[in-house]
Amino acid sequence: MKSKKDFLKDAIKHIDIKQYNVVPLVDAMEHMAFSARSLNRAARIYDMMLKDRECGIILTLAGSIFSAGLKKVVCDLVMNNMVDAIVSTGAIMVDQDFFEALGFKHYIGTPFSDDNLLRDLHIDRIYDTYIDEDELRICDETCAKIADSLEPRPYSSREFIWEMGKYLEDHDGPKVDDSVIFACYKKNIPIFVPAFSDCSAGFGFIMHQTQNPTRHVSIDSAKDFLELTRIKLKSKETGIFMIGGGVPKNFTQDIVVAADILEEDSPMHKYAIQVTVADERDGALSGSTLKEASSWGKVETTYEQMVYGEATVVLPLIAGYAYHKGSWKERKPKEFQRIFSIEGAVA
Amino acid sequence: MKSKKDFLKDAIKHIDIKQYNVVPLVDAMEHMAFSARSLNRAARIYDMMLKDRECGIILTLAGSIFSAGLKKVVCDLVMNNMVDAIVSTGAIMVDQDFFEALGFKHYIGTPFSDDNLLRDLHIDRIYDTYIDEDELRICDETCAKIADSLEPRPYSSREFIWEMGKYLEDHDGPKVDDSVIFACYKKNIPIFVPAFSDCSAGFGFIMHQTQNPTRHVSIDSAKDFLELTRIKLKSKETGIFMIGGGVPKNFTQDIVVAADILEEDSPMHKYAIQVTVADERDGALSGSTLKEASSWGKVETTYEQMVYGEATVVLPLIAGYAYHKGSWKERKPKEFQRIFSIEGAVA
Amino acid sequence: MKSKKDFLKDAIKHIDIKQYNVVPLVDAMEHMAFSARSLNRAARIYDMMLKDRECGIILTLAGSIFSAGLKKVVCDLVMNNMVDAIVSTGAIMVDQDFFEALGFKHYIGTPFSDDNLLRDLHIDRIYDTYIDEDELRICDETCAKIADSLEPRPYSSREFIWEMGKYLEDHDGPKVDDSVIFACYKKNIPIFVPAFSDCSAGFGFIMHQTQNPTRHVSIDSAKDFLELTRIKLKSKETGIFMIGGGVPKNFTQDIVVAADILEEDSPMHKYAIQVTVADERDGALSGSTLKEASSWGKVETTYEQMVYGEATVVLPLIAGYAYHKGSWKERKPKEFQRIFSIEGAVA
Amino acid sequence: MKSKKDFLKDAIKHIDIKQYNVVPLVDAMEHMAFSARSLNRAARIYDMMLKDRECGIILTLAGSIFSAGLKKVVCDLVMNNMVDAIVSTGAIMVDQDFFEALGFKHYIGTPFSDDNLLRDLHIDRIYDTYIDEDELRICDETCAKIADSLEPRPYSSREFIWEMGKYLEDHDGPKVDDSVIFACYKKNIPIFVPAFSDCSAGFGFIMHQTQNPTRHVSIDSAKDFLELTRIKLKSKETGIFMIGGGVPKNFTQDIVVAADILEEDSPMHKYAIQVTVADERDGALSGSTLKEASSWGKVETTYEQMVYGEATVVLPLIAGYAYHKGSWKERKPKEFQRIFSIEGAVA
């Protein structure tokens, strides 16, 4: 009988785009066709965003990409002022980033697993990756502990994630080299998780609310929307860099309309790129084209590019291109987190 | 120059599964291969859920399926005690169902549109469907009005959607024959939208919160999770019928783990079917197999079936099969909404 | 240890579209969106082809669809004058249709198989379907026998498949109710397999040529192209009904250009529908749109429709719709096979 | 009114993998998940093939990849003894490789084209790439001319393609730096196109056969199959590197069975990798897994890897990895073309 240790041996290692100068390779793709050419154009549009002084850059993340080795890529974007706000699924930020910051790891597995055996061993599978379920429970509980420590009131996910960064700081920092939550905490970059209960944090919240039935922390997703809209209102121009679709994509596109509704005239997202394998023909949002988004008044069509590809291969090329082009060196941090501190949204 | 009227001419009509006895057709698919056979098995598993007196049935909805003509299918499931709780994206429930309940329509369009022209005309496009943007703004505002009318405190999406049903009742009922929100209101079927700000309601909420900066309604997604978990705890057995993936899929699978965390021993979902075109190879949740979910302890593998297909074609066949088999006739409504009334969660 | 019999128990049964009047169901799809609406339009375009007296209808087949239970659908189209020529992969016509005509069957299996065990048991797997490898060898050998019996010269695939039909007639007819090869033989409907060696017949050919190194049958794919082009030249208007893509799609689209090259002015395909799940973004032919084909002068854009869906579910609906609409009742068989008999191409 | 020149301005440039040492990048992917990890494993399996002295390497090509800028990649594999035989679609070898060898080019276009206008201008579109239809006609005619010059008899595609290489040599060589047909001609590497009429050459063949109705060149696809099977019989071990699926994939997998049928005991393909975006769930061959192939006795499961990705991005990484690892430096050319010269198959 195999034990848990037999399965949890080889840890996922995060790719370091700083090590690989892919600029010449990606430049060559400009003159090809299909995904190569669209990847090249997306990389150049991202570089345009970085050169545009007026442009606030919002990164949206969906899909299980940090467990897949892409955490350090995003960390490097954060540390080098290549992104000004992040909108993410809960799984990426809590189950994966915060989880690793607590000292736990993801492991190399295989899709050809006996899932009933894995369940018996308390191993969770994400396609070809394994997680220790017992470690994940500790992550849940840590979220509950953070909630317990806070003044009972409605919080935006951004506020709570800031508290998670603070928790890490107060506990000798992350147990790993790279944590996006911690890096954003230090760099004043807000992180939003619009469906915040739909992850490990959610388990923490229900522990917290069950134990504190009348006075407790609640997670106000409306506040999230309002706060992200405020960022749009503060930033003259915006560009969005979307990995996958889902709620983060929709939410971030919607702030243009929200800004308009708040009666402060706001331009569409000037730049927009998306990496996805989703098809547009089923009508779902994840695969809907950026041209379609322009009918909604969300995205300008001049600098938009969809890239048909899976993120683990495509993101290191796009992000690596932009990193090695170096346009970020001239770029000042926007520190959008300060919008809320000044306004008193963070205590 | 074309006007808005030239584009918004032919309204989407919702298919009525009660009119088409597809049982013999779907039965024939049992002996075929590929999607036909998996569709047949999914339909039979759904029928098993309906026959299982102990089984609470949770329907999850993602993708733009009500604007595509599938609203009446879900309405018929609701009216005939074929579903006990719904977990949905906001777009389906608010931008599509509530929107139509206010008297507005979706229109037949084409993916080969000039999206810049559509934007100028205030027409929003969903692949091959058009919406009047100005009517959508009225939907946003109605949500704001409802929020304005409520006592300021954190609400679960379930509570707020119940208020939307009440709003319809107080305003002479829906302006169309079928409204899922209204039908569920009448039938005591809870509806959850875990990412509730990510839709037309979100626009209403930010209007409301902007105008009421200190005392206002907030949307507590943690409460959603807790409430849906309570349904799992009350229902001995559960079956999930998933259209598309996204947050509704993940959220509903997670309640098994949540129930376990609340230390009340709770079985996995006994039945699980999903209709999707998403691929599993990018590791994203929407296409992840139900066998993978079983490694997480969420879904039993005995009665699970993925169907590879697009919902507008597949759902009428699966739902129509179960409707015409008639097992629902013996089924009692579970009225899970009452869990919360009794506990005082609804004022 | 399991034996072959444990796996080869439940035979695939072919769906009989004549039993299910899907016209009202498919009519309802006209007013929906996404695949349902495109399915409806494709069905109506097929019905238009059947009503157009001048229109020769070419059916192209790819994907493993006969082993999946769609053989009888095509047989019914053949027997009811709903198709005038077929262009297919070799697997469908030889490994599947001729194979079953020899008395063998396909069996229900599962994608979650131990493929090494299957190999040891001489069981071949197609996703969720099993085949007895030893029976397939008999099919190979029968093709070799037919080749041995013919005058040594180059043959088009159409000629050889006609000989396969004759072989069945000379051996007391097919051992099953339905055989497309036999039905087409009786109805003078030509069948083309442009990559004819790429199937069970290919194994037969190499046995034949190895045993007859100097004087033997050869398979002239250029002759195929010339013959199919002649059909285009004889038929004033043409419509193509494509299931999947691959060589059959490309080959059949190309005959418009071929007809043009032979300097006889020939119109484009007037009608064109395709059922496919292939994506267009990788630039491969199978997923390339019919609008793209119109840039090549192959397909008119007025009556073209792609349907995004898997054939086992979609084909019974489209073919069933056209069957029950009954426009074929007024339609005369075109018997394109006679073009070649008169010209002496068949001995 | 736009003219042809307005569209045919920017030529596709083929990527040169020799310029980009992607080894460190691809090595980093070993420790990630999803496509990155499978890409890494495929690259390492390809390197294993190159190190295995007994292993003959067969490259299969499908999809419109040479028009997309991948021609030089394949040329470099040929010139550096990294491939021993090629099995391809006709479009890649004739419409794209031979076409460019005649001095013509592919041009950068867009999928958002007015295809009716393109048709009027004699511009053919492949997703986001343009071709001059009039130049393609010259390519057709050149194939006809070559056929006219040959002794009338059945030819394998391999033989005819060798004649195309000779034609280039006799006409001062290719008009471009790289031609796979010419490189293979010089290096004695056989190229097979099992559906040879399904491309520009097919147009040439029908011109030739129409003008020479009784004595003419024919294309014997059975001979193709026999010849490729002979290569399998001569080569102790084989590895297959598949780009896309289609007939080239199926044909090349089938030679294992063919070798077995010719009663000479032949091992399965020892190594097999495939790059594809095709789904397995529709049962079509292009997306069928290599594990499924092992049930047919075609592929060993020890060293097989599917990579889910689009070729323009993935192939430069896999081929570039193997090139820069340099294992090919120790590798001797197998010159399988000589099998047929010695046996007199080529006049």
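For this structure, a couple of remarks:
Order of writing sets the chain letters: A, B, C and D. Residues in each chain are counted from 1.
Basically, contacts are C-beta pairs under 8 Å (C-beta built on N, C-alpha and C of every residue); 3 or more make two chains touch, one makes a residue touch a chain.
From a predicted model like this one, the values you see are computed outputs, not experimental measurements.
The chain with its C-alpha centre at the largest distance from the centre of chain C is A.
Rounded to whole angstrom units, the spacing between the C-alpha centres of chain A and chain C is 47. Between chain A and chain B, the centres computed from C-alpha atoms are 26 Å apart. Shared interface positions of chain B, defined as residues touching 2 or more other chains, are 33-35, 64, 67-68, 126-129, 277, 279, 281-283, 308, 310-311.
The touch graph of these protein chains is complete, with an edge between every pair of chains.
Of all residues in chain C, those touching chain A in their complex are 33-35, 279, 281-283, 308.
On chain C, the positions that touch chain B within their shared complex are 10-16, 19-20, 22, 24-25, 28-29, 31-37, 39, 64, 67-70, 106, 108, 126-129, 277, 291, 308-314, 316-317. Residues of chain A touching chain B in their complex: 62-65, 67-68, 91, 111, 113, 115-116, 118-119, 123-129, 133, 137, 140, 154, 194-198, 202-203, 205-210, 217-226, 229, 244, 246-247, 250-251, 254, 257-258, 261-262, 277-286, 288, 291-292, 294-297, 301, 310-311.
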